[in-house]
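Next up: some structures, all given as structure tokens.
First chain A sits with chain B, and in the next complex the same chain sits with chain C.
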Partner chain A sequence: MKLERKLAMRNLLRNRQRSLLTSIMIVATVSLMILFQGLSDGGHRAMVDIGIKMGLGHVLVYQQGYNDDPSLEHLLVDAAATGQQLQQSVPELTHMVRRLHLNGLIQAGANGVPITLAGVDPGLEVQVSRIADRKSMTAGQTLAELPRERSGNGLPGIVIGEQLARNLEVGLGDRVTVSVKPKGSSDLSREAFLVTGIFKTGMQELDAFWAELDIADAQRLARLGQEVSVLALYLDDVEKVGPVAARLSSQLPAGKYEVLRWDQVAPELHSAVMLDAAGMYLLMVIVFVVVAAAILNTILISVMKRTREFGVMLALGASPALVVRVVFWEALFLALFCIALGGALGYAGHYHFATEGLNFREVFGTTLEAGGVLLPDRFFSFIYPGKLAFSLLFVLLLTLLVTIYPAIRASRLAPVEATRHG
Partner chain B sequence: MARPEAGKTAVLDAPGNASSTKKATTMANTSVIRLEQVGKVFEQKKQRFQALKQIDLTVESSEFVVIAGPSGSGKTTLLNLIGLLDQPSSGKLFFNGRDLSQCSSTELAQLRRDQIGFVFQAYNLMPVLTALENTEMVMEFRGMAADKRRAAARKTLTALGLGELMDRYPDQLSGGQQQRVAVARAVAGEPMLVIADEPTANLDSRTAESLMDLMSQLNREHGITFIFSSHDPRVISRAKRVISLCDGSIVSPVSQAVEFSHAV
Partner chain C sequence: MATYRTLTVPLTLLLSLAAHASAADSLPLQQWIKQAETILRGDTSAAIMSMKIKKEAYQREYDLMVLTDDRAESSKVLIKMLGPALWRGNATVKVDDKISFYDPRNSRVTVMGSSMLGDNWMGSHFSNDDLMRETDLSRHYDYQLLQQQTGQEEGIGAVRHYTIKLSPKPTAPVAWGKVVYQLYLDGQQRAYPKQLDYFQRADDAQAARTLSYSALKAMDGKTVPTRMTMLLPAKRGEFTEIEYRKLKFNVKVSAENFGERALQ
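And then the complex of A and B:
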């Protein structure tokens, strides 16, 4: 082993207690950093995932102008053809659903509530949407579970939120009237529906102001043909949203379509995730400061206690550069050891939560809501390898950075220090 | 320690060995160190203290010189200047004929590394290195090949009676043993000059005696110039030349023509 590495390593081992204390501090912070990073990013992914499943989608394709004026004037007319084109040009696609959104009034007896009506393909929607999911149903059936033939009195089915049902004072099997303003007419179009299902998502705006029905019923109600409001695309990985949206924007004919990402359509969800991520970054900064201070402290003490030793080396003709290298190796060995151990421990923790998941209700005793989205009870730790590598590398760089001062201090000692005794 | 008998067992190389003869002859007419009107002033908290005053001193190659004087007389200050660890405030210092006033600290460090061996009063071995590694260290600074420097270190340690203790760390050695390792470190690289500031101060008289034997033997057989300081009369009496310091001045440069004798 080269002299400087030998000196560095043996000095760390010689001052085992000091090295160990510093190591514990750094190992703990590094492993907690990884654990928090994994849980935080896992939580964000869960939030995004839930948001996307609340009647949204990863990438949304609209007719040009729909987002400025979401009226019946800006509907996708040739949704079927566009859909086919998208199926072929987006290999990342796992699901694609069409939806028709209508503003309407729902009435039962003397009660009336303005709501959003979502006309959906029941069979497809159940695969991508939390609203249409069996698990969200508190009573009745999902639209997909409804028999094809209409029930006895021949009314089409509608699924409404739990809060809405309470506000309307209706229950399963009750009759409601839905009115919308059809395209190109000022008279209301009105139809009766049967409440066949009641859902609960935990999101106020869905549970109190949302109803889902078969897209064919919605189109008929609004006196439309095959027009839809949106084609919602679901991808195999949320990380691919950006590239796919960008690609589609340039591929699809300009001026005809509008391609938006989920975070553009639901900015409040996006900012909730970002805010939380900002908190995470703050935590990381604290971690970095702690690690830097711990290493600076150890190395500085170690250098000051060895004034004589470094003085002797310099007196015997060692170059200042050699002394600098000894100090740097010491810091590097300490940092590498701690990063490796902390990394392994942190990753083990992450692995546990990545496979077992973290149960919010168990840990916090309550459900969590962020950005208007109810977080799932259980979510899974997730680590972006690049981000992890960057943080670990940053800890390493930080170590070397804070070592500059003690190293230079040691190398600038006067060789006469060697002759002082006492 | 099996003390090698003079003339019988050589400490490093055999006497009259090619390298030592060469050193002895080429250095003969050049002074190793020459001080001209050298003064040293310490300034601390606006207080000036003249530690050395107008020192004129020449030490020739292969000399065995002691600097004697009471505590505070400037012995360490002078040895630090001679050992190129510190720079004079006034006057000129020549090392091996070279004026050092223009030398950079890097050049001074290289001169120390290549030409000067040091023995400190407090031994000052590297605590994390074994006796062997300590002895090798200066040669490693020089960039010497590992096998060469290891061989040289082993030979020196064996010759100094430390053959069995090579792999021990300093804290596993007695004071006398540590100081012998320090001497080994100073001479293993075959320097031109060895500086020793009170090398026996922390040793008992018997150990001090044998360290003196060792140093004078290295001087005789190897032609290495020794300059050391002491205020122990028994140690001073072993030197060929005594320079007495008092209050920063040389008082009576007594040249002892007494030939060193092994029997004490």
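And then the complex of A and C:
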């Protein structure tokens, strides 16, 4: 046993150039694989994260039937009580916001645009939303920055998208009216608002057809009480979405509530992430096939070059099994060394991007959009430990797998002919 | 009854005194506007009119029949298309704030939702929303007299012209920043509309659209402007013109005339 390992090690070290060449290939593969995996998964997390912040949430609680028919007939009536209950029973919860979505017409002068109105809790919403937070405002103030009490006869504020402002030909401080159909009535409810903020998200459907206002204003406009459309739950980790949603579904009375995960509410975002991940996997498979062929090639050549050597071993009485084991030990040592080195290099790269982040705008000169979501300018590499371990193990197994053929070939040499060989 | 009368007489006296005390700017501007806005209506009315729409892309002409009933609290309007043949039977009904459309080809009634508010009404320069906002001008604004002068109007004689600035009340649900209303009064202090300029913002110099009334004629014993023209300065050459051919006031109409059955 010891002899085999000694032989294998010596074989590797004797021809350093050859070993080095094989090593470089495996090291490069492993380190780049880690790097890409980290960036790809980090990018996906950023996509999901930003998508969730665009008016979604990790887990969303609706009244049963709202998703089939999002009308005012299917609103959460006891949102406050349900909210309290959720706050107590979900320790993973970091934020919970109420939202009321209304369809309505916004008008200024002769211009009118049908839009979605989102009534939000201004103070809470800015903490979890990217639609109309400080960063996305191009002019004016966020709803949260408006004074709580309106002066005398002041109009309530409304925050609208940049494209919508252009289409309505309005600016900050201009008056707009909003008309919605209130619940159970055929007439219209109208109110005047003051444009107090203009935001830009980069998403057309938000920038041109979205406005946010205080949920109390929205409820008054639609002649509602405390009803809301949805309770959006934000968790401390996106990975906990599945279990939490499943738990809530069984906890809340069925037939009354509907608990959905973000990927069920925004399937287009989910499939964009999945498509990108699938592309990454496909690329990995291609890389692995090429790498496997290259490793096979180097090991096969290194075995054939040593025909005389193996011939002598066999002639001296070594069993074919011993020859096979020596070749395998060689491959194993080489693979372990390379994976360790490649892993360290790759992890160092990952660490850099996990702490510094990758600036997309610097690298590609433009911002990227995926699944209707504008990606952030900078995102951070992220590695799932299980996935990493699996990949490293896979490289190891792949190396050993491609060694089978050269090892068997070496063991089947006819000693006399082999010793005569070069 | 007796006590009631003794109370009201000094009250009205007091009120009229107060009105005189605050001088010229307490003219009943709001009342004039309300009167001018409803000049073509009466308690009930029936009219035949033609509507000519000129747009960059097309030009159309419709013949319409209009019934109105303002006797009850909820005002009712029925507009039915008489021609051209392709459009015959199409109707718009407005009862209070509810607007429905009827299409005879599939005999279907559509109740207008908020998303259709901004659409053109039958391709004209009026929007569905304009139909909804008939009473806005006499309700949601503060009124300020800008100008007055004497003049002549064909068919009436000597009149007094008034230019009134309408500014939306602080929280009024109106989308205009300012409306300039020109009207005139005849010898009997009856108000006639002349021209309305709608401004998107209060300090805009250019009106977003202009509605003018012209062609005074006697209709059913009453002199009324018979032509309404809507112009959009931003779209040169485009207009919608409504011309009253026949107009009768206080005709007999009932609620049935505005029901769904009446559409068919």
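Some observations on this one:
As a working rule, the second predicted complex is superposed on the first by the 412 of 422 C-alpha atoms of A that agree within 3 Å, B and C clash if a C-alpha of one lies under 4 Å from a C-alpha of the other, contacts with A are read in each partner's own complex, and residues count from 1 in each chain.
Everything that follows uses one rule, which is that a residue touches a chain if its C-beta (ideal position, glycine included) is under 8 Å from a C-beta of that chain, and two chains touch if they have at least 3 such contacts.
As the structure is a prediction and not an experimental result, all values here were calculated from the model.
In this overlay on chain A, chain B fits alongside chain C without clashing.
In the superposition on chain A, contact is made by A:Arg308 with chain B only, not with chain C. In the superposition on chain A, no contact is made by A:Val77 with either chain B or chain C. After the chain A superposition, the centres of chain B and chain C are separated by 160° when viewed from the C-alpha centre of chain A, nearest 10.
Of the two partner chains, chain B is the only one that A:Leu316 touches; chain C does not reach it. In the superposition on chain A, A:Thr419 makes contact with chain B only, not with chain C. Within the superposed three-chain model, A:Arg10 lies in touch with chain B and out of touch with chain C [touch as defined at top]. Put simply, the nearest alpha carbons of chain B and chain C end up 85 Å apart when the two models share chain A.
Overlaid on A, the two complexes show chain B and chain C touching no common residue of chain A.
On chain B, the positions that touch chain A within their shared complex are 76, 79-80, 83, 85-86, 106, 109-114, 116, 118, 120-122, 124, 126-129, 133, 137-138, 140-142, 185, 197.
Residues 96-98, 111, 113-115, 117-118, 127, 129, 132, 168, 170-177, 198-201, 208-209, 232 of chain C touch chain A in their complex. If you check the complex, the residues on chain A that touch chain C are 103-105, 107-114, 153-155, 169, 174-177, 179-181, 186-188, 190-192.
Against chain B, the residues of chain A that register as touching in their complex are 3, 6-7, 10-11, 14, 308-309, 312-319, 322, 414-416, 418-419, 421.
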